[in-house]
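In the two assemblies presented below, chain A is common to both, partnered first by chain B and then by chain C.
The block that comes next holds the complex of A and B.
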């Protein structure tokens, strides 16, 4: 396997050309107030002459992208530019450079240019993995994407599901279960109660299997108890396995809650992963107790009499905290680094007691949004505080892992999908109030834990 | 089919010494390939790819494969959902219609 690298991402729709990134770069790199020396340049679309701040969407980025196949390196006659295999940065060696400036013509992104002050070329080196421009941006138009570290760690690990599963196009559940089972590893016994997970073929079709570890298909009602028995038998014969369940929110919060609660109370050594797509999506999008207020489902229809679900969602992860489990956490696939940290902790905790991981998983079919928007919907849920990311252990109590201090209004999330498009002002107000109330409630628990 | 999908052997009844009259146990992997569902296909601009692995991270079928200087897709399993194209931080991926 090769290597993946961190990258600086630019969102032109958020940039208003204020130039803070350039000021930060010139200051950090050259101790100068002259933004023309900055290695990152924001230019107005068109001739670039008018540099006054303006409307987002009008600006473009000139910055070394640290290309995978860098043209500046190809054209350099003196081998002064090289792609660094471990950091991904294109390194410039001033001792070898003959100042021919061919590289500035080779690059089509204006990523390397002449620094008139010293008469030599200069280019971005990402500040050794901590770029000064990114935190300087007040609009969040620059992001330093570091998720490549996950690829570098687990990218060549075995995907423990069959290559072909029948999840919908853009299925978040399929994404999540492939990541999770690969992380947990081959010494695992997997239980998947009725729902999308076995429905898409993880238990196989026509006498074949969809999973490369032992997998079984319990009833909705007995997942946790059946898995507890299997784990105990493996312990009896002296074999260390991870007993893992991948269940939907219906299979955990409604039908399977009794056995889940029992196993958690007994402290069975299980890793219980709940994929919360807020309904019974596999059987035709019926409402569950995790479906949020106002949402359209096939059993909470929208029409002359009904306007979506009339009750609020049950907060299952908080109920699991009240079981004093070994580990409880909520996660989202839009924040993979956070999710991977929690997976690691949950795997370790499942060797000592009950580990419960609740992952919010947007459903392209049931929530009615285009499949390619899946991660965006998951991200908006967190950015509006509709979904809170936290973890709980008995020693530390509850703590936020990714607090959102400046949340967007919940409408930013609601408008991404059609299951909420009928909402009245009153319903939206209700949802916003609930989001704030839920935040206050969980915050109190976190503050209590901090105080101890 | 990519190499990494076949590194571990699947469960072998004889090796595990499981009686074959106990209950049916599936030992062969499902051969279903969802690549023919696609109506759009991801195409990578190799000059724009910086190998950040975001496409791999968010690909639900995990069909992203690494090449020397770019990431590409296994079209046997790619369902054409377009998450990679939407999430690519360098906008190096476009979805083009599958036409005969």
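The block that comes next holds the complex of A and C.
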């Protein structure tokens, strides 16, 4: 497989042309206050003459894209520009450069240009993988996208589940569990309590197994306490293993909640990953306490007297925050980079205490939408703030990892699936209100953490 | 904590202490050197786990202690520990045992050699916090080995033996050591402490997960789905269940061998399955279980003085039920009175009585038998009660057996 690389991504809808990125670049790269020297240039669309801050959407980016098929390299007669195979950056070698400026004509992005101060070309080198412009942006318009790491690294890790697990068509849970276990690695004892994960065959049937690490069905009720016993014994004999659960929301939030809460309170060194598909989907789509308000399930059916679930969902990850866990985070299968970042932190935290990762995973079968729309549905949940992505540590408190500042109305999410198709205006209003209320609540927690 | 009450006997050099049954159990656990204990307090077990916690806190016992949030997690944590190779211990009773039933039933199915004391307590409701055998009797079909103790010394010795029995490769089943709430849990008596080095030799090296393990060095799926009506499912399920039943039957031999070795090493001999007391020329007998046996034996002695040809049969190992040993013990008598500290709701009698009916069938002859129920919820069973049992049982020699149980404390 070829190599993928990290890159700086620009969201023009968030950029108001304030120029903070250019100031940061000029300062870091040249110790200069002259933004014309910055290797990143924000230019106003159209003639580009008016550089005053304005309305988001009006600005474009002039920056080296570190192209995979770089024209600058092709046109350089002196081999002064080369594509770095390990970092992906187009390196410029001043010793070889003959200052012909052909490269500046070859680039379509104005990514390499003459620095009039020194009379030579200059270009972005991503600050060796830690670009100064990105954190300088106050609007989140710049992101350093490291998703390439997933491609580059995960490809080399062993898939620790057997091929051919029997998940429903289009199920994100299989994607999620394969990625998660790959990352955690072979020195793991895996608990998969009754639900979709063992239902797919991860623990196997009649003496076979679907998993290459030690795996077991705990009871639906005792996942955290069984794992605690396992982890403690290995710790006692001086062996470092990861005690990991891949559990459903029902087992975690309902009948298994006591053991989860007890283990978290005791600080058992466990990585507890909950795949939240908002109900008992494996047994036929029954309601759990994580099922959202209004949702059809097989035990909250819709009819003359029933209009879906009449209560709001329990917010299990926030409850786990109040256990003062070593690490708590929410994640989504539509945002793998965010998920991987949190997985890394959760694995590390599970060596010190209880780490809890709550991943929203839409259920094609139980939520009733076509199997090819899963990522889209998951993404909509985040874009409408129906699902909030954040992380919590004891030291830092809670912080949003992918804040959505301009959320779409929740109907954009609700209309993607049939479990909500019966909703009345009043029910939709209730859900929208609750989304906003939940956002305010979590925001307050984040602000409290910021203030401290 | 315990006080040393005698200088060590010359022969053994061992300490003799005064302690309660709950403390004796805790001291026995320390002697067995478990890797992990999990605790949750419940009356009348609480002082037992307090003693365990104290022994660990004082450095007299090197075990990891899981202060769980309930009995369900207590047993679950120990299952995890055992699957990772730990020798494990806990204690509970009554409502706590009821709460842990889900993992309780599963433990023998996974062939995990846990040891758990049941400080027996009557079943609620009627609300009560006192002793009785209803808790342990109610779970007797769950596949645990259940051994009842008569004295505080027997609690200590049997608790150590329980680890050897549970971990024997022909058994690999969890063991309940049942000690009577109130009477044994809080009853203080003289106890001889075995020597640690000798106990170490008696128990040998532990290997509790050779057959099933959660270990990255030996990756396997533990307890994958089986059963159903297709493929290898039915035969696979039968193989597991039948193996479990075989382990229970093997336990009868292993319990006997463990008691024999104990007697040789430590000089204290307890009947492993069934004890026959003054049965040699007995015409009729009482059957007892647990701490009531002391008062019953004294009553038998008095009745013998009065010329009655009565004996006593005490069951120590209740699960697996010692059918052959009981057949032999009952072979010479003509009437039997069975005293239970619990009820069998389905048969309107005591549970030990009902179990014994099956043995009588195998005797191949009619043996008039009556069920006596007493000692419920902490009620005392005195010599006077046992005299009534003896008289009523003697009456069976020439009269009909009653259809109804006799409730011994009904008019106390």
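Here is the rule we use: the second predicted complex is superposed on the first by the 305 of 452 C-alpha atoms of A that agree within 3 Å, B and C clash if a C-alpha of one lies under 4 Å from a C-alpha of the other, contacts with A are read in each partner's own complex, and residues count from 1 in each chain.
Keep this in mind: a residue touches a chain if its C-beta (ideal position, glycine included) is under 8 Å from a C-beta of that chain, and two chains touch if they have at least 3 such contacts.
Keep in mind it's a predicted model, so treat the numbers as computed, not measured.
Trainee: Examine A:212 and indicate which partner it touches, taking first as chain B and second as chain C; both and neither are also allowed.
Mentor: Touch status of A:212: both partners.
Trainee: Return first, second, both or neither, reflecting whether A:186 touches chain B, chain C, both chains, or no partner chain.
Mentor: The answer is both, since A:186 touches chain B and chain C.
Trainee: Who does A:155 touch here: chain B (first), chain C (second), both, or neither?
Mentor: first
Trainee: Quick one: classify A:97 as touching chain B (first), chain C (second), both or neither.
Mentor: neither
Trainee: Looking at the overlay, does A:127 come into contact with chain B only (first), chain C only (second), both, or neither?
Mentor: A:127 contacts neither chain B nor chain C.
Trainee: If we overlay the two complexes on their shared chain A, which of chain B and chain C does A:241 touch? Say first, second, both or neither.
Mentor: The second partner, chain C, only.
Trainee: In the superposed arrangement, does A:449 touch chain B (first), chain C (second), both or neither?
Mentor: neither
Trainee: Does chain A have more residues touched by chain B or by chain C?
Mentor: For chain A, the partner with the higher number of touched residues is B.
Trainee: After lining up the shared chain so the two structures overlap, which partner does A:204 touch, if you call chain B first and chain C second: first, second, both or neither?
Mentor: A:204 sits against chain B and chain C alike.
Trainee: In the superposed arrangement, does A:262 touch chain B (first), chain C (second), both or neither?
Mentor: Only chain C is touched by A:262; chain B is not.
Trainee: Please write out, lowest number first, the residues of chain A touched by both chain B and chain C across the two complexes.
Mentor: 186, 204-205, 207-210, 212, 214
Trainee: How about chain A: which of its residues touch chain C in the complex?
Mentor: These residues of chain A touch chain C: 186-189, 198, 203-219, 221-222, 224-234, 236-237, 241, 258-259, 261-263, 265-266.
Trainee: So in the complex, which bits of chain A are touching chain B?
Mentor: Those residues of chain A that touch chain B are 1-7, 9, 65-69, 71, 88, 108, 143, 145, 147-148, 150-152, 155-156, 158-160, 162-167, 169-172, 174-175, 178, 186, 201, 204-205, 207-210, 212, 214, 333, 336, 364, 370-376.
Trainee: For chain B, which residues are in contact with chain A within the complex?
Mentor: Those residues of chain B that touch chain A are 1-2, 4-5, 7-8, 10-11, 24, 26-34, 37, 46-54, 56-63, 66, 68-70, 74, 76-77, 79-83, 85-87, 89-90, 95.
Trainee: Could you pull out which chain C residues touch chain A in their complex?
Mentor: These residues of chain C touch chain A: 35-36, 38, 64, 66-70, 72-74, 76-86, 88, 102-103, 106, 213-216, 218-226, 231-233, 236.
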